[in-house]
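Below you will find the structure I want to go over with you.
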Amino acid sequence: MAVTAKTIDLSVDLGFLGLRNPVLTASGTFGYGLEFEPYLDLEKLGGIVVKGLFYKPREGNPPPRLVETASGLINAIGLQGVGVEAFVAKVLPKLRSIGTPIIVNVCGADEDEYAAVVEYLDKQEGIAGYELNISCPNVKKEGLCPALSPQPTFDLVKRIKAASRRPLITKLSPNVTSIVEIAQAAEEAGTDAVALVNTFLAMAIDLETRRPKLGNVYGGLSGPAIKPIALRMVHQVASRLEVPVIGMGGIMTGTDALEFLVAGASAVEVGTASFVDPDAAARIVDEIRRWCEAHGVAAVRDIIGTLKTT
Amino acid sequence: MTIERNARLREVQSWGDLFRFTIEAPAMGQEARPGQFVMVKVSDGAFPLLRRPLGIHDANAGGIELFFKVAGQGTGILSQKKSGDRLDIIGPLGKGFTISAATKGKKVYLVGGGRGIAPLYFLARELVKAGTRPFVLYGGRCRTDIPLRDRFEKSGIEFLCSTDDGSFGFAGLVTELAAIELAKAKPAMIYACGPDPMMKALASLAAKHDVPAEFSLESIMGCGIGACWGCVHRIRNGKGNGWVKICEEGPVFPGERILWP
Amino acid sequence: MAVTAKTIDLSVDLGFLGLRNPVLTASGTFGYGLEFEPYLDLEKLGGIVVKGLFYKPREGNPPPRLVETASGLINAIGLQGVGVEAFVAKVLPKLRSIGTPIIVNVCGADEDEYAAVVEYLDKQEGIAGYELNISCPNVKKEGLCPALSPQPTFDLVKRIKAASRRPLITKLSPNVTSIVEIAQAAEEAGTDAVALVNTFLAMAIDLETRRPKLGNVYGGLSGPAIKPIALRMVHQVASRLEVPVIGMGGIMTGTDALEFLVAGASAVEVGTASFVDPDAAARIVDEIRRWCEAHGVAAVRDIIGTLKTT
Amino acid sequence: MTIERNARLREVQSWGDLFRFTIEAPAMGQEARPGQFVMVKVSDGAFPLLRRPLGIHDANAGGIELFFKVAGQGTGILSQKKSGDRLDIIGPLGKGFTISAATKGKKVYLVGGGRGIAPLYFLARELVKAGTRPFVLYGGRCRTDIPLRDRFEKSGIEFLCSTDDGSFGFAGLVTELAAIELAKAKPAMIYACGPDPMMKALASLAAKHDVPAEFSLESIMGCGIGACWGCVHRIRNGKGNGWVKICEEGPVFPGERILWP
């Protein structure tokens, strides 16, 4: 049977969760999802990962919070957000009705807050899983962030996995010597999947004022600039882990997304691209479908991890 | 709110580093309200990455107009577009100026500094339609910095100019001109757009004279649609003083809600 | 006295070495220097850091060795080079006559090879110092590279410092969790300066063939894409170390170079920019001079580390 | 070898995705030899970052010509330049084809596939000047892929065309055409430029017929001036088979020195 746009199977299986296609939105770049309703059909997406959620509402950092760099964007939003109670009261009911898996990006100033978020959310319906943002600085431990070393990652993942009834995706920071080591710690602690990468710690300087361009001095770099490093990390991690890998970092097109799949990702998240084009994630789904059609690929899952390195 | 991927740039007018674009975008033109803005893509490649926010300078059933100053790389690339080129625009976005029935028949002041004049032309036209009498105070560094004088002239809108160097109109800051005019006659409302220091000075003038005022704020914007939380400004809420998204709740805010840096 | 292009003092002092201006060329991006003679006046440069030198000639990696990415370049040259004997016989005599400090980027497959290179070069005149490229994979220790952890860095720096009579600059890898920790290890071991950053481990994939775009699969990312991360690292290291810092990563213009100085670098190296414009380093010197003139800065060294973060 | 930052693009000719640029660059034009190349900057920004190598299609006292195919983003941007635009070019670079006194009065074959024809026009012209008789075998996918036939026609250079689809000239690969011609008459020399598989096939044909041959190789180039070691190809040296920089020792190499992948 000829492969046509209609017969192409875009679904992927994360084991704990089947997705209609491998394209999710990246946390913090798609708001709470609903902001994008005017621009695309939310039901077209593989999944929606909402903005990082602390238990309490968060103020965030002083502006400027954004600065553009060569093919990149540095942000220092500081995880401003409404907190878990307002999320459940005001946002979740609407999100639930969409019919697309909702994944909540979970933050915490310490292990207790992370646990409090998932415990609160566990009582709600309409959430497909949690994405643990282990990059939050730990207020109790001198601002150290669990994402930077294996033991704190292991401890946090273990605790949250035990505290929750839902699938857990651990989202890794790229600011480490060995991302494989951190990913393995998360895997040993029982994570159901890993997602990578979060942003790269970066800065920009205004030469005229000799001040940092961001209110917070440092911020996180995302966008096409980081794609080659993200792709390498996804390849490294996917080659070593058993659990599925969700890849991201500078994905702007269907080609970018497919490269991450070829490198070993089972699904991808689209981040900064949604700022440039609010319908980017839906467009990328279409581009993947068209590529599969043009290349006679009947099921997109067949290309996952097919990179030939010899 | 539409994404117009292929809006035809009908006409380009320019004065030094200031540009006026007339763009075919009927849906956007019909929906637009004064004080709203659009997000314009300036390049196809990944550099510059983000869209640039620009106020709606005028709008009608055929489309919209933009009026912008070259401030850096993005507006620089934009300024090289030629009539006939296609633009990728999202808008109209944000909440505009309030045109209230309470000011009907009364005089209101519109104070614009530099490129900040952009949204005030559209606003002035709509105020006239609503039966309010706009009086525009239009300031710039020098004579060539205030090219829209002709346009205000032709449209019959009452206006006064100021230049920092005295090369045209009142010699001094537009806020000084505003202070003089406020001392002469108290308007029903002040609307303003311009650099932060100008608006801050105007806010205290307005408060002093007890005139309600609205200000259009600027910020670097990641998305323009309320999704990135990058464009915040300190705004008084019911509960306290929070970082509020300019693109969503603004860019126009009443003076008493704005906490100036 | 008014600041004019003529009176501006561009010199900087690394302690062990004074430079006529803060602009050096980065190793591996300026060949052995002489390749650039047709394009710029080599005497205009603050210094020339030559291509990484092993003791033995090196084959390098199979092509493709280069791939362009968004505002970046990934290279997997594999340190092909002529080896130290040919360098001394054929290149050094010409380089010596230029009158610009020559710094040799020293490589080694293990500690012994690094030591052999400096011992051999120590017998030659006309070298201002060594830049220790600690990012070379160690053939004896399972390909581990000293640049990735403090102890191997300390050991290598200590050994080379003791083996050599010349100033030593240790060049750090950015592929680490804490570049400050590595820099401190180098400082404790007696390095005279640190240089950062080397390239970021990265990859690119050809979707059509599902093969890596580089013969070596992974390579090192350089260019404007990495500048925001490099700048952050330079700022972090310069705030914590006593020894001078030489900054690099994506410097294309005088403005970029000045930003690194403001962040705390005492000098900078220009890398990928020299591929795009063979006269980039000389142009950057001019651009720094013009900026100083326009801003009434009489001595460029006065802006080093002047970033205001509060 | 010069950096020409501001070379005027005098004329653009195009056929589908194939472009010919005539560029004012006297110093470069005077220095250029057939088989040499230039490095062209395609964008002002950081994307695409690197220059692109292009062969010198023709040269004279006024400047140079380029002939290129849109292969991706860089050549795509380049193809949008208009007559009057300025180009930033470095060249001439590398070592060109050998025009040897030994072939004087004799016939030589020039085999070009697709965009590989670019340097062969210049070579043919110089060979004529040197008293050698060039015979060009010019292959493409189809009729529209070989637009330079007119040019060879007009210049009186002997040539034959081939197309893969038979839409013009010999139906088949240009290497098949070369095999036929080689069987008819043995030339004093073969020069070739084109895709690797074409050149590889030609190299064994040349060896079979015992004809000396030169090939112009391609590679992604970081710098074009011998500094990055990015453009290497396996070449037989005196001592062995090493990775040799194409930009410096090539791009033209004698067939017996090239190790095909």
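Note that the chains take the letters A, B, C and D in the order they are written out, and that residue 1 is the start of every chain.
By our rule, a residue touches a chain if its C-beta (ideal position, glycine included) is under 8 Å from a C-beta of that chain, and two chains touch if they have at least 3 such contacts.
Everything numeric here is computed off the predicted structure, so don't read it as measured data.
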- Touching both subunit B and subunit C we find A, D
- What whole-Å value do you get for the distance between subunit A and subunit B if each is reduced to the mean of its CA atoms? 36
- Message: From the mean C-alpha coordinate of subunit B to that of subunit D, what's the distance rounded to whole Å?
- Response: 55
- Got the subunit D residues that touch at least 2 other chains? 46-47
- Listing for subunit A: what residues touch at least two other chains? 70-72, 223-225
- So what shape is it, when you link every pair of chains that touch: line, ring, star, complete or other? complete
- Message: Can you tell me which positions in subunit C touch subunit B when the two form their complex?
- Response: 70-71
- Task: Can you check the complex and tell me which residues of subunit C touch subunit D?
- Result: 28-31, 35-36, 38-39, 51, 59-60, 62-68, 70-73, 75, 77, 80, 223-225, 252, 272, 274-279
- Query: Which subunit B residues qualify as touching subunit C in the complex?
  - Reply: 46-47
- Item | subunit A residues touching subunit C - in the complex, by the definition given at the top | 69-72, 74, 148-149, 175-178, 200-205, 207, 209-212, 217-218, 221, 223-229, 231-232, 235, 250, 255, 258-259, 262-263, 291, 303, 306-309
- Residues of subunit D defined as touching subunit C within the complex: 1, 3, 41, 46-51, 90, 219-223, 225-233, 242-243
